[in-house]
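Since the structure comes first, as structure tokens, the remarks are kept for the end.
Should a chain be cited, it is by its letter among A, B, C, D, E, F, G, H, I, J, K and L, assigned in written order, with residues numbered from 1 in that chain.
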Amino acid sequence: MIEEVWYMQKFLLLNGPNLNFLGKREPEIYGTTTLSELEESIIKVGQQLGVEVECFQSNVEGEIINRIYKAYEDGVEGIIINPGGYTHTSIAIHDCVSSVLIPVIEVHISNIHAREEFRHKSIISSATAGQIIGFGIYGYELALQALINILKGE
Amino acid sequence: MIEEVWYMQKFLLLNGPNLNFLGKREPEIYGTTTLSELEESIIKVGQQLGVEVECFQSNVEGEIINRIYKAYEDGVEGIIINPGGYTHTSIAIHDCVSSVLIPVIEVHISNIHAREEFRHKSIISSATAGQIIGFGIYGYELALQALINILKGE
Amino acid sequence: MIEEVWYMQKFLLLNGPNLNFLGKREPEIYGTTTLSELEESIIKVGQQLGVEVECFQSNVEGEIINRIYKAYEDGVEGIIINPGGYTHTSIAIHDCVSSVLIPVIEVHISNIHAREEFRHKSIISSATAGQIIGFGIYGYELALQALINILKGE
Amino acid sequence: MIEEVWYMQKFLLLNGPNLNFLGKREPEIYGTTTLSELEESIIKVGQQLGVEVECFQSNVEGEIINRIYKAYEDGVEGIIINPGGYTHTSIAIHDCVSSVLIPVIEVHISNIHAREEFRHKSIISSATAGQIIGFGIYGYELALQALINILKGE
Amino acid sequence: MIEEVWYMQKFLLLNGPNLNFLGKREPEIYGTTTLSELEESIIKVGQQLGVEVECFQSNVEGEIINRIYKAYEDGVEGIIINPGGYTHTSIAIHDCVSSVLIPVIEVHISNIHAREEFRHKSIISSATAGQIIGFGIYGYELALQALINILKGE
Amino acid sequence: MIEEVWYMQKFLLLNGPNLNFLGKREPEIYGTTTLSELEESIIKVGQQLGVEVECFQSNVEGEIINRIYKAYEDGVEGIIINPGGYTHTSIAIHDCVSSVLIPVIEVHISNIHAREEFRHKSIISSATAGQIIGFGIYGYELALQALINILKGE
Amino acid sequence: MIEEVWYMQKFLLLNGPNLNFLGKREPEIYGTTTLSELEESIIKVGQQLGVEVECFQSNVEGEIINRIYKAYEDGVEGIIINPGGYTHTSIAIHDCVSSVLIPVIEVHISNIHAREEFRHKSIISSATAGQIIGFGIYGYELALQALINILKGE
Amino acid sequence: MIEEVWYMQKFLLLNGPNLNFLGKREPEIYGTTTLSELEESIIKVGQQLGVEVECFQSNVEGEIINRIYKAYEDGVEGIIINPGGYTHTSIAIHDCVSSVLIPVIEVHISNIHAREEFRHKSIISSATAGQIIGFGIYGYELALQALINILKGE
Amino acid sequence: MIEEVWYMQKFLLLNGPNLNFLGKREPEIYGTTTLSELEESIIKVGQQLGVEVECFQSNVEGEIINRIYKAYEDGVEGIIINPGGYTHTSIAIHDCVSSVLIPVIEVHISNIHAREEFRHKSIISSATAGQIIGFGIYGYELALQALINILKGE
Amino acid sequence: MIEEVWYMQKFLLLNGPNLNFLGKREPEIYGTTTLSELEESIIKVGQQLGVEVECFQSNVEGEIINRIYKAYEDGVEGIIINPGGYTHTSIAIHDCVSSVLIPVIEVHISNIHAREEFRHKSIISSATAGQIIGFGIYGYELALQALINILKGE
Amino acid sequence: MIEEVWYMQKFLLLNGPNLNFLGKREPEIYGTTTLSELEESIIKVGQQLGVEVECFQSNVEGEIINRIYKAYEDGVEGIIINPGGYTHTSIAIHDCVSSVLIPVIEVHISNIHAREEFRHKSIISSATAGQIIGFGIYGYELALQALINILKGE
Amino acid sequence: MIEEVWYMQKFLLLNGPNLNFLGKREPEIYGTTTLSELEESIIKVGQQLGVEVECFQSNVEGEIINRIYKAYEDGVEGIIINPGGYTHTSIAIHDCVSSVLIPVIEVHISNIHAREEFRHKSIISSATAGQIIGFGIYGYELALQALINILKGE
């Protein structure tokens, strides 16, 4: 749809702890797609929608924060984040998300509200633009569309 | 994309209490689109995606439940629900959603996690397929896509 | 046992939200008897025990309250109620039950204490005469006997 | 005091669940005045103060919401509400009250803070202009004066 | 109804702490029937229904557990238990009830939900088949019928 | 209305901590009327209604208690109290209010339920006759009427 | 003081779990007097005050209950109890104490409020006449006087 | 018993808020003895036991603290305190009691554990030597003996 | 390894409620070894390690306490305890364990942290030397080694 | 540094309950400096920094409030407060601090977060400019510097 | 015991934050053995038991997760983990442990249940095979045996 | 003031997550000074006070711990830490701070008690020497003085 080759919005796809293991175990919860397959697929969908998607995964809370500040420095305009287990504990990521001006969308592959009690509450949500939860890896694609929609609205 | 004119999936768009007032007050939270504009726009998007969307709004908890059972009787294959204030209190809607076999997607226009404490917890989420929160009325469109994606996967 | 044909006690059997769906889904929890089969069977047992049982089901909290006041107007002498999901949230039904003088018995088909945490506490119990929980639809029959026993004691 | 016959402010007196039973039971808590006597008396006091009072009672949460929106459409300028048992549970009524611009005054006949623990907290209060609690049905009359006073101040 | 004299189901009626004092004090809560009168009456009703009821009372938590295991060894097929004050504290009785395969029905003479807060929650309920609460000593008779009904269903 | 000059009911208007500063700061919460203006106005309204109003303000919890006992000694027949910050913490004032037989009405200028969480709960309310909350200083006038109404009813 | 040899009030001194070990360990908390020394000393003080004190210690919750009922049968007129660790958990002892008509005084040797959090709350206190806490074994002697004082007052 | 006329231990009897009203209201809770009668009686018992008892009552939290420091300056060797409503809220009195080296005994006339929930917990107890609760005004006499016993033991 | 026949350390293996049923039911949680097989096997391992192991099981909380004091009298030098359901409720056993000087090791056959919420917290752990949890009956053998290791270190 | 002799900022040093006892007891927590030594030292440091420091201590909550309002009347420009035990309970002081416009700094001598749980939370902090905690009486000197720094910044 | 030289099971010993400081401070809690001494000793015990133990310590939560995944890639068959301070907060480590199939044993050197409240609860335990707590560094050796026992059982 | 050039105390200034972004966003909360400006200014103030200040910032929890241990190895004598978002969650940093012997002062730029609820509680405070909160970046300078004062006192 968008053809302006000389300029492309940059997005960041950020996956948190244990998502490196995606598709390798517990397929009944997370499906069988691996992280690199997921990243490739989102990059491709991004290309179709006219945005460039960079991908990053880390198990280290502080590296996720570092990567968000790097994105800010690089002029990234939107972030999709699946904070994994840090969703429920990280005030530091919350503060980072709320201090950069970039819209951030929180994605969860599984329906966290149908799992253990300690997964129901997200510390990060209040700092994000919105959340997409429970749609498997398709949720990342929805997030991409949502980001584009938000940026159009600005 | 889908041309099978002789058969069309039916979806139900269900809005709960106070959504009749959409677009009339508190535009900083809910935007300026009215409920009927929203419903028309979702019906139109549905047509483009090859699904027929019926719309219903009620302020009465039990009528929402009645409508879901009617949808079940009518062969509706997917439901998008914004349960409004019942989100946080209705075990009855939760039980209804979990007893019909139809996939249900929960939508919230605003980011409920960035508002009052009592809006953070949804009683209904554990019975739904997934949630889309904070993207304004565009969230309903994302829900439509998510529903189609879920049904494709079955 | 009771032959006084010229006078019969009237009882009300009141089923709350989602019990219209009884026997249609989740048979491992609720069994396979449908609501109308249940109602017919309780009416018949009532006839054998010499009481006339009226039946009512609604998904609307306020209609349940309305029906209880109607029962009061009609001279109903005992009520069997399965408040469904309103069991855990409805102060309004609690107040209604405690304001009419009719003895009310609370029935739950499944053992609510062996299910999710949010089903363990009943708001309504403190206003009822007693509770019968976990015996499937046979619990309604026990409730009928209990009601007759209570009225005998007065 | 006010004689402008050609124009009269319209107020709505809204009573919630179980207030249809007012004066019929538990007189030690609620007194012996019936609902229709209360409504007539408030209408009459309203006439003396130069306002027209419409009255409505419902046991159905959603109908109370519907009635408030109808009042908004009808140009009602002030609302007196006794939300009964919904006081403590209804986020939906709270949202409705805070979305219409009309000043709303919450009345409780009995001193809810001297009764059961679950009656101490009102979900609705934060959206109302003020509360009058514990003065029997005379509280409605005070509310009427308070409404007039608020509207004078605007 | 059941005439197979050469074989009779054995049931156990188990009363917990302070039920030895039944009928001696606090008749407004527990009535005036003494424990031995209760036991005799349940034995007699059992005979009419074709089951043999053994009775046991103890104030000692561990003796109640011992008695349940003895019942298991003796081929007892159903247990009626009023765990008294241990209802609210005994994980040990809970574990015992859930480890023997015999269906167990929990009875409370008074409506525990209309009494002190600390009596509202039962630790044992989740391990029982069902509960009968608030019908005075008649509740034991209902429990007997419920047990027979459960065993018929197996 | 009341002209019996030879006898006049005495009321006490009691203001707690920080109300000495009324009208000097935070007018968006408390308005611009000062404490002495408020007291004068209530004295004047009292005269019109045929009661004599004494006024007292203190920042000291124990002096408020002392003043209530003095009122009791003096034959004061009704008390209007705004306990300020002691509303939420003072069991001692609660006990004092419940030990004298004089009807006490609690007034709050602002709607405490729309402010910080720690202002929502009043320790004192359960000992008062009723509460009037959120009507600015007009609430004191309503309280005066309510007191007279209560005393008429005795 | 009291010389009526032909009749003497009987009291029961009841010590709960671990008090058999009194004086053997942890003297900084419980002192160095052993249980039998304590019992002898209380019996002797009892004789001086004209009452006969029977003593009993058990580590078994149910035996404590049994002993209280035995005391009731024996015409014991007052009970001094140190429920040890059952203080904080035993609803069964609470119920027993509140069902016999005998005044019961609760004694704790150490100041339980200056120890671990879980020792601060007594389940039993609400059923006793009073508590004497923190005075070492001298507390038992105070309890004896208090019992006599209570019985004089009846 | 003690005759050393040339030296007498000084004790302080300290009564907190609302105890000035003792014997004037709520006799079912607090009895009919007035504060001055109580003080005189304790002074007299003190004389018999060879101690001089000073008495003080205040409704002001800080004056109670001031009085304790004055007692410390005056060489008072033991304090009996009934902190009234400050029992449950005053960290300041707690700190004062724990900072002077004088043994302090806490007395409550009624059994606070058989009253409202908010009276069950004492903030002050952990700083006192012990507590005597529920024995009416006789509890003060027991406290006097306990103080003498404590001082003997030092 | 240890041959000093003329002297052998004595240990006590103490099993609490429901462990008499070990190996008879719920093998997926507790395995198929019966209690007597377990006891024999631990006695044998004890012999190999040069310690004499006595075994005791009881369903009665107080008998477990009695047995610990008996062990103390008998010169037992180490205790292995599986307190069963009393793990989560028994302050009395906690106090007993902390009053005898013998090192006590707490064993749980299953991983209690992967089961119901109410099994996660042990009241007794703070008084024990250590805990071994989740290794089936092999955990008892580990406990035996741990005890020997602790005693070596003294 | 500041030489404008003809004008000097006035500060208030306010110490709450029990600080009159500073240096007299518990030196391991509060050190050995007495209150008057502290006040003199802060006055002297103030003179060096060019500000005049008035000092006040009271054990009475309301007198602290009175003193703050007096400071406001007197043109005091900064307040250093150690609210002692009122830190954790006084909404009244909180309200006072937030209603006067003067910057207030909260000082605690000891590290309240390393002491009892009930000292961890300050009710007053949210109304102050900042807090200095744990530095002994040197904290007051730091507070003086901080106040000057704040006033420079305005 | 095991001689199959051509194949050896690999285990991972994983120590979390602050365990690098082992033996350097707080010997009363953690003993005097340093981390490298501990690691060497466990490697040696491993060799005797026929397993190869790799060792790793990190203060970084995410590096611990990375190391577990590396172990999974390397075919490690058992993990011993002391998660240090992350025990009580890390959902990310919990998720990692539950996603790899390797049995994991949690070790704590000190008895965490006898220390501060915040150390009592482990987030990680529910995902581990078992826990060994309170036996000093000997606990690691027990864990080694437990791991071998678990693997034998598979 | 201090000229001993041949020896200088070393201090460490440690900033946690998101403080790299200081001065770049949210100036109303954190001011406009950047991190490197802050560090330079503290180094300079340190030089004036005769101490050498090293600076370090990291978003990674474990790197902060590593840096503290490095400081310990390097002979650093005092630490100033702003733990950012880890303040409220990091038991690991708490344990690290309490295990090194170096005095640590906690600084927060903003008044965390006037912000979101989740920022009110610090996990780390109980292990630090003291806290300085709410004075902007000037708080770091106060901390420097406090550190020097503490070290003087040793």
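As a convention for this text, a residue touches a chain if its C-beta (ideal position, glycine included) is under 8 Å from a C-beta of that chain, and two chains touch if they have at least 3 such contacts.
Predicted model only: the values in this text are computed from it and were never measured.
J.: Which is the least count of steps on a path of touching chains running from chain A to chain H?
T.: 3
J.: Identify, among K-L, I-K or G-H, the interface equivalent of A-L, where equivalent means over half of the contact pairs coincide by residue number.
T.: That interface is repeated by K-L.
J.: Indicate the whole-number Å distance between the mean C-alpha point of chain F and the mean C-alpha point of chain G.
T.: Inter-chain centre distance comes to 48 Å.
J.: Just curious, how far off is chain H from chain B if you go by their C-alpha centres, in Å?
T.: A distance of 65 Å separates the two centres.
J.: In angstrom, rounded to a whole number, how far apart do the mean CA points of chain G and chain I lie?
T.: Computed value for the inter-centroid distance: 32 Å.
J.: When you check chain K against every other chain, which residues touch at least two of them?
T.: 60-63, 89
J.: Chain pairs that touch, all of them, please.
T.: Applying the touch rule to all chain pairs gives A-B, A-K, A-L, B-C, B-D, C-D, C-E, D-F, E-G, E-I, F-H, F-J, G-H, G-I, H-J, I-K, J-L, K-L.
J.: How about chain G: which of its residues touch chain E in the complex?
T.: Answer in residue numbers: 60-63, 65-66, 69, 89-96, 99-101, 123.
J.: Show which residues of chain J lie in contact with chain H when the two form their complex.
T.: 16-18, 20-21, 25-26, 58-63, 84-89, 118-119
J.: Tell me, which parts of chain I touch chain K in their complex?
T.: 111, 113-114, 120-122, 125-136, 138-139, 142, 145-146, 149-150, 153
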